[in-house]
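You will see two complexes here that share subunit A, one where it goes with subunit B and one where it goes with subunit C.
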Partner chain A sequence: MMTLSCPEPENYAAIAKQLHETALEAEARIYELEAALRAAANLPTIVQTTTVLRTGLSSGSESLIGPAFGSGWAETFNNTAVDSDEQIANNDTIFQVLGDGVYEVGFTCNAIPSGAADSNSFRQLRIQHYVPDPTSSGPLQVGMRLLDHASYSLFESAVGNGVDVSLVGEFRINAGDVIFFTIQHNNTSSTMNISIGAIGWVTKLSEATLTAVL
Partner chain B sequence: MPNNTVNFNLPYPAGTDEPCDFAEQWCDFTEALDGVFDDFRAVLDRTNPVVPLAIVHQTIQRSVFDFGEIPFDTVTADTAAMTDLDADAYHITIKRPGRYTVAIGMSKPTTATALPRFTSIFETPGFNAQATLLDRGAGLEYFLNGYRAVQTYAAGDKVGLSFTVGVSAAWTIDESWLAVIWHSDTEVP
Partner chain C sequence: MPATTPIFAFPYPCPGDTVSAADFTNLANAIDAKLLELSADASFALNRPNVDLNFSLTQVIPPGVVTTLTTADSTYTITTAGVYVVRVSVVDTVAPPTVTYQRAQVLQNAVVRFGFTQDSESNIAVPCRPAGVIVAAAGDVITTTFLYTGTGTYTVHAELSAKLLCRIP
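== the complex of A and B ==
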């Protein structure tokens, strides 16, 4: 028995309507795929670069550095919905906008004594991940609790060339958490400067709570 | 008999087909197109919004023998069942074959002025990566940070972390972390 009807002239309009519906359905699938492709090819990333010499970092205590502690800075790259005037460090706005997830956070700078360099004095650069906690009093930020960090220790000989420090950490960050870039040193003969051109960046690598397709 | 496109095998009517075959041919075409979309989506779902990764931490101070592996106690993130610290506290196990980046951090108090180095070792199948800093004595917590560019792993490969200060003895490791994050597939586009 014939189950499929053949198009007759009175069905032509229906065929056109069906093709229209199919075209709309195909476009919806393509639109969805395009959005997913753009998301996969453009991981949310913010890169910022300092434009002013950071000066006066005393020995023996931890100092906040990077965009934009006492420095001017410029946005080198930003493909996110975060406003271009939002600094990536010391700012809970960043991850409010980018949301929960696993992030790569990095910082690179040149730390150089403003005067005499003490032989083999240390430089410690840290990327610190804090979470809001009203009951916490520090150690660095009141009302926040240190959850995680990536840190690196270096030493400078007495030649005064400074040290170039690059540091990368992988963090599980939730909305409202805060990242800090810090340095501590024991160069007691002079304060420390951070040269123009220090770079900090944040890239969202993945959601943290979903299960990956294998 | 319908024809088919070369790349995705999408059917389309031939000039000799009967008009009454159109409905079936059109359904065949939309079904085939749906299949192509599903395949594309499956590829994209491998990269976004989640990829295989695991981050583990050692949060409890440990005494570990030189060249010994670090036992981790906390899973910070795991999107692909790559960790089971109860069964294996020392490793992240690869589940999806591919290329991965590995990052680590370790910290320890000074060993002694006579022991000049602190080296972390990312233990991975086929090749270990290392990062080293000098240990110049007391008054400082030594932080060592390392990052390894993409490395190919097979399913079942295990990634761990050890260290050496160059002297066979047990040493205090205050804390450490290990992150293994999928970077890409290995096929040539």
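== the complex of A and C ==
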């Protein structure tokens, strides 16, 4: 609570100083309030879009896709302190910067065979949440522990349009955790491509701790 | 010579200045104006411009033609610039005799952003539910196209929601 005293006749000379202190104290309090409100109104969000055709995804194995791992990408939107050249997937920097919290993570893409399409073959899109192994000095995936995932499987109709896939999930993520966007398919007649324009995003819905129970 | 605070430029008199009622008024008005700004932020945080269009008027779709849904409540014009999660569900009202493939795509100002495909070899009409993110300016128009292969016509309606994640600074 801010307290403001009233000047008395014997200290009129101090009025200028008192107004100065009042202005600074009001500014400090309002600054804190403004930061909290802006955070609530503008959830930390990063959106990235691929700019290069991803090719050569073989059947029968899970492939990393999206704004990471072999794809060129552009930052579509970022209102966070995360550097603009950081990829949101396959990267432990993102949640080091954004911190513990409940996040919404999404990914959309068009998966289209590079050649023949096998009718009714599946396309499984996954958003995976991993905890890195702090003792590992190898690539990110080595020693990681899968904590949570969202997935969806769709099937190929072989009409020439490929399969449009979209997936959104909510995850409780700690600082330093990693997410991956992956796809697996069984289109054995040809490899799979991911069209330009695949979109991945991360938004922080809230802090991780529950501060009140209603 | 009056000075101002470093962040919000609240005015205050300096020692040696002649203090008048205007000094109190100016400081109070500056604080009041800033609080009014915060009030707008608070209202925005509590009342996000989210939308949920629950059941559009139905539309008849011919087979093999990418058709834009145009009936009432199947499109949405963004009112506040921001990043939105848009979800659309295209649902059959009257299913066609046969259907083998369905695709719904969400467009921003007629540019495809994302979509969702259903392989319907069993001739069962199932909803297509694309969900994705759109970075939008005020006035941008969100529409959906629907395509299917099969025979006969397909009568559908759409359910569209747009959830604001954050404003564009």
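Rule of thumb we're sticking to: the second predicted complex is superposed on the first by the 193 of 214 C-alpha atoms of A that agree within 3 Å, B and C clash if a C-alpha of one lies under 4 Å from a C-alpha of the other, contacts with A are read in each partner's own complex, and residues count from 1 in each chain.
Operating definition for what follows: a residue touches a chain if its C-beta (ideal position, glycine included) is under 8 Å from a C-beta of that chain, and two chains touch if they have at least 3 such contacts.
Note that the structure is predicted; figures quoted are calculated from it, not measured.
K.L.:
For A:186, select first, second, both or neither according to whether it touches subunit B, subunit C, the two together, or no partner.
P.N.:
So A:186 only meets subunit B here.
K.L.:
For A:131, is the partner it touches subunit B (first), subunit C (second), both, or none of the two (neither)?
P.N.:
Neither partner.
K.L.:
Touch test for A:154: subunit B only (first), subunit C only (second), both, or neither?
P.N.:
both
K.L.:
Which holds for A:97: it touches subunit B only (first), subunit C only (second), both, or neither?
P.N.:
Neither partner.
K.L.:
Please work out whether A:172 is in contact with subunit B alone, subunit C alone, both, or neither, and reply first, second, both or neither.
P.N.:
The answer is first: A:172 touches subunit B but not subunit C.
K.L.:
Is A:196 touching anything from subunit B or subunit C once the two structures are fitted on A? First, second, both or neither.
P.N.:
neither
K.L.:
Touch check for A:27: first (subunit B), second (subunit C), both, or neither?
P.N.:
Once the two structures are laid over each other on A, A:27 reaches subunit C alone.
K.L.:
Looking at the overlay, does A:146 come into contact with subunit B only (first), subunit C only (second), both, or neither?
P.N.:
neither
K.L.:
A:120 contacts which: subunit B (first), subunit C (second), both, neither?
P.N.:
So A:120 meets both subunit B and subunit C here.
K.L.:
Could you tell me which stretches of subunit A are touched by subunit B in one complex and by subunit C in the other?
P.N.:
15, 22, 26, 30, 33, 37, 40, 120, 154-155, 167-168
K.L.:
Residues of subunit B touching subunit A in their complex?
P.N.:
18-20, 22-24, 26, 30, 33-34, 37, 40-42, 44-53, 55, 57, 76-77, 79-81, 95-96, 103, 105, 107, 133-134, 136, 139-145, 147, 177, 179, 181-182
K.L.:
Along subunit A, where are the residues that touch subunit C in the complex?
P.N.:
12, 15-17, 19-20, 22-24, 26-27, 30-31, 33-34, 37-38, 40-45, 47, 76-77, 79, 104, 106, 108-110, 119-120, 154-157, 159, 161-168, 197, 199, 201, 203
K.L.:
Spell out the part of subunit C that touches subunit A in their complex, as residue ranges.
P.N.:
So the residues of subunit C in touch with subunit A come to 3-8, 10-17, 19, 23-24, 27, 31, 34-35, 37-38, 41-42, 44-45, 83, 85, 100-101, 103, 105, 112-121, 129-133, 135, 147, 149, 165-169.
K.L.:
What residues of subunit A sit close enough to touch subunit B in their complex?
P.N.:
For subunit A paired with subunit B, touching residues are 4-7, 15, 18, 22, 25-26, 29-30, 32-33, 36-37, 39-40, 102, 120, 122, 124, 126, 148-155, 167-170, 172, 186, 205-208, 210-214.
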